[in-house]
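Each of the next two complexes has chain A plus one more chain, namely chain B in the first and chain C in the second.
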Partner chain A sequence: MSQTPLLDVRNLRTHFYTERGRVTAVDGVSFSMEPGEIVGIVGESGCGKSVMSQSIIRLLDYADDVSYEGEVRLGGENLLQLSNSRMRKIRGNLVSMVFQDPLTSLDPVYTVGDQIAESLRQHRRLSRREAREKALELLRMTGIPSPEQRLDEYPHQLSGGMQQRVMIAIALACEPQLLIADEPTTALDVTIQAQILELIVELNRKLGMGVLFITHDLGVVSEICTSVKVMYLGQIVEEMTTAQLFANPLHPYTQGLIRSIPRMDGDRRQKLHIIAGTVPSLNDKPQGCRFATRCPYADDKCRNEEPPIATAEEGHRLKCWYYEEISNGLREAVGHGD
Partner chain B sequence: MELPQTKSQFVQLSRKLRKEQRLLSYFRLRTNYDLMIGAIILGVLILVAFIGPLLSPYDPYAMKVLDRLKPPSAAHWLGTDEFGRDLLTRVLYGARVSMSIGLTVTALSSLLGLIIGVYAAYYKSLDHILMRICDGLIAFPGILLAIALMATLGASATNVIIALTIVFTPSIARTIRSAALVVREQAYIEAIRAQGANNARIIWLHIVPNTLSPLLVQAAFVFAEAILSEAALSFLGAGIPAPSPSWGNILQASKPVISKAWWMVTFPGIALILSVLSLNMLGDGLRDFLDPRSKRRGNKKARRAAS
Partner chain C sequence: MLAYIVKRILSLIPVLLVITIATFALIHIMPGDPSAAFLGLEATQADVDALNQTMGFDHPIVEQYVNWVGGLFRGDLGDSLFLHQPVGQAIAEHMGPTLSLAIVAQAIALLLAIPLGIIAAYKRDSALDQLLRGFSLIGMAVPGFLLALFLMLFVGVKLKWLPIAGYAPLADGIWQHYRYLILPGISLGTIQAALIMRMTRSSVLEVLHLNFIKTVRSKGLRETKVLLKHALRNAFIPILTVIGQTFGTLVTGAVIIETIFNIPGIGQLVINSIERRDFTVIQGVVLFVTLLYVLINLIVDLLYGAVDPRVRLDRK
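Presenting the complex of A and B:
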């Protein structure tokens, strides 16, 4: 880890101001990623993974009353302190984003070619013809069938998989250093999903860009990510390499997630494991450990005191008071769970 | 249908599909009777408005005292008015006035309404100011506001246009605002923003084009209302000043002689009804055509015809 990190997030907090008071959706997230790395962010719906990724490029500025705390460093610049116009030069240029639902993420009134060309003309000041040629090249790179023809088609003429390829072409137009992929395959069916994942990995190798991959699908994580951060209620509760995630998950929440994956070789008569309860509302977060209300091992200490970040081994950190006892089988589950 | 095996087959198939799609939208257009009839009548009226006066042998201002209030005849197809002027010629010239005022008012209020609407939808702070002004203007009955404005501005064709534009802009602004509010929240706007687009770019290149179809529909109705309001203003003496032929003026002149000269009230009235009716049908038809979700008789037929 001698290189300077590509992205360095320090103690990021994102607050929304609502009628019911201030809500902190991202609560002290810190992590860094190296160039060329694919980092997975996993967690249930509502755990703040999307908000976190959108905070990185300050996309929330426009939508709601939002304030950020902490630092998001990209190549030495703190993005949270940049002016709006400087920030616009970074979005789509140094950092790009691919969204969840390709079917609604393309403007219906423009052709695919025009939409790819748009950011090229904006950031690179290319002429109409150059931008069109580059757009064709990008489309070809995404492996879309008959790219020349697609260039002049409208989004509604393409299938979901093709639209997501177009979205990727748009995101990669200016060769960003960082690609944020916010559940890019959730809306697609499984075969298309595999193709898109393969494409992202291939482009990551070819172009050397870092990928922040947000998903709730651990299967996807095992396919492509080099390391994983598990998020719960706005915090990263455990971070580790992908191998460690499946071999030695330590946090009770992560263990619960892993056990909830349906297995082909599992006992079919047995019920699938579920983590009891639902993610608490951001308005009444537990005082101590965020997971205490649903954790089978929680006691009063967990409920009252927030655990510090502990390092289990090289590159494997988590927030839990009792992970050692749990992994040694010394601590028994009480209530909750199973 | 066989699945394509080679690239040329694929290209052929997609060409065929595209042709079918064109055919389908053609059928959808042709079986949309509101749209077709409205467009045809309106087309004829506009044609009449702009070339009709050239065909008429009479001068719309030439008085002939001996021919006062003559009923329709071979020489004067629609009869003559109280000064012996040919009524057909006056109705044709009136069409020119009505159509050009209607078109200008529609164009101006569409443009203004579009700008106000998208900016109000995009900027919350502007929204309150602009929409309260619009509310204030909408609170007045349209014709009353137009009369008040005409009283301040003075009677002339230009002032009629200004007054009616002020009257109709708020309703367009409201329509556009509500459409733009929906567009603003679409995922593609966020995606475009994530690509680094600035506000002006998002508003003019992405929100505006996506609000054009409701604008088109609303514009058709405003066109109809503008023609009607202009006639009403002229009828009340607050519109186009007198000797100029306009449907409202002719109707006003016909009022004292309504029991003696039925033709003077009938023919400009029919012209007015036809133009307003055709525009309303056009507006309804456009709405059905542009909004694929509305399922009307016409669309069902189109589907049957295409399958």
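Presenting the complex of A and C:
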């Protein structure tokens, strides 16, 4: 753990300026990841995980009025302070991204080969011919069937799984140190999902590249991630190793998420657990603990005072006032819950 | 791609059939006897009969149609009653100025509209965007002939920068030729520019919200490349449609502008022929312009295929 982290995010805040005022979608996120690690970011829709991941390479710069606060350090450089032209040299080169829906994420009017070569030629001095050869090599690496033929095909001619392999080939073109995968398997069939996950893990081992894996699927996390950050309303509420996540989840929200996983071996008559209530809008966030409105254990302290980050054990931190009492069974669920 | 082209061309056959019938019917739907209308009130019945005979109007109508279409295949549009020359030749002589004018107008429109449309889309809702949208609204609202008169007055009469009216063939030199076409080109091209700019803006704006723009940016491309290589090309199909439509109206809309600027083009030929009741010419020009429309639409359709692989690969 003594080596310099690959990515070090400190107190990141992303604000959007809308007609109804400033909305803070990412609210003080801090974490770091080591080279070669696969880190999962988990949370419900709207928890800010996508915005957070796009803030890392400042993809939101081009959207309407956005501002960032804090630091995103990659190899000692704070990405949030870089000029636009310097930032462009990082995107697609040191840090790449793979998105959720592969069909709409590929440009429909250029061939697969052109789109991979574009990344290469943007960051490396390559001739058209060399770029094409490298593109073929990348496609082959993703395990796409008959890669030579794919080079000259258009995205709409490929299946969803093949499209996602192409996206991965584009992302890996310049051998990035960090791959941000934003729900890369959500839009795919279950069998294809497994293949893509396997591919990502394999590439992570082979190339030693760090992967920040954004998902809402805890099953996926258990399969591939070394550690997990659970996000709720723009904040990381609990972070731990994957083993700790399943063995000893401490935050009531994380516990709720785990209990919401449908179990194949459970009692079929038992109702599926759901976390009561809905995610509050970013416009009226609770002022104390973000989860207080839905937490079965919340009291007035939770509703009024934001909990600090507590360290439960090595590598396991969370934001909850009462996690010790809850885990010792000393605190009864009140109010909501099951 | 070849199959796509062949399919597009074959689908023209029924269109052409309808066009010839409609054009032919034009003359016969007109009340009264076309020959009598041409010869005027003082003509005797004998004169009318004689003209009917030379023009073949005494034959059954289906036979007349077949003869006319048969002539079309040989490139024969019939003879002008007034000009004493074949209609085809008259159209060919007047086509040059009209085409030159249409090209100048379209070039002015495209050179203005596409870059400004992209800028407006990129800087949407900014002051610049509002300004450009205002201009495009004015451009669409001001009739071409009014703009023509203002341009003649200020640029031609007051500033004396460009000739007020007239035409010089290309043989007189390029500058001489285009000097005369700038003001009519602006008068004719402004509305087109406004329409194309609006379409470019909305189409590019729509594409900029698509997911793949994020992918392209995440590759580290510069914004000019994102806009021109990816956004514009994806946005181009609706833009192309508007360009095709407006190019058609350039040829027909030139009638008024050609008259104002005294350009001896198709527009003038039509106006004069209507005044002279020279209906074989009218019929010929209507057919010709319609064919031009069809041809432009064909080219636009073929360009769709060139711009978007989904058009040429998916349709079986």
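Just so it is clear, the second predicted complex is superposed on the first by the 338 of 338 C-alpha atoms of A that agree within 3 Å, B and C clash if a C-alpha of one lies under 4 Å from a C-alpha of the other, contacts with A are read in each partner's own complex, and residues count from 1 in each chain.
Here is the rule we use: a residue touches a chain if its C-beta (ideal position, glycine included) is under 8 Å from a C-beta of that chain, and two chains touch if they have at least 3 such contacts.
Owing to the predicted nature of the structure, the values given are computational and were not obtained by experimental measurement.
If you put the two complexes together on chain A, you find that chain B and chain C bump into each other.
Within the superposed three-chain model, A:221 lies out of touch with both chain B and chain C [touch as defined at top]. Judged by the touch definition given at the top, the superposed model places A:154 against chain C, while chain B stays out of reach. Look at A:146: by the touch rule set out above, it reaches chain B but stays clear of chain C. After overlaying the two complexes on the shared chain, residue contacts for A:178 are found with neither chain B nor chain C. Applying the stated contact rule after C-alpha superposition, one finds that A:89 touches each of chain B and chain C. Shared-chain residue A:107: touches chain B and chain C both.
Shared-chain residue A:119: touches chain B and chain C both. Contact with both chain B and chain C is seen for A:57 once the two complexes are overlaid on the shared chain.
Common to the chain B-facing and chain C-facing surfaces of chain A are residues 57, 59, 62, 85, 88-93, 96-97, 99, 101, 104-110, 118-119, 122-123, 167, 170.
Partner chain A is touched in their complex by these residues of chain B: 7, 10-11, 14, 186-188, 190-198, 201, 205-206, 209-210. Within the complex, the chain A residues that touch chain B are 57, 59, 62, 85, 88-93, 96-97, 99, 101, 104-110, 118-119, 122-123, 145-146, 149, 167, 170-171.
Touching chain A in their complex are the following residues of chain C: 210-212, 214-223, 230, 233-234, 307-310, 313-314. Chain A contributes residues 54, 57, 59, 62, 85, 88-93, 96-97, 99, 101, 104-111, 118-119, 122-123, 154, 156-157, 167, 170 to its touches with chain C in the complex.
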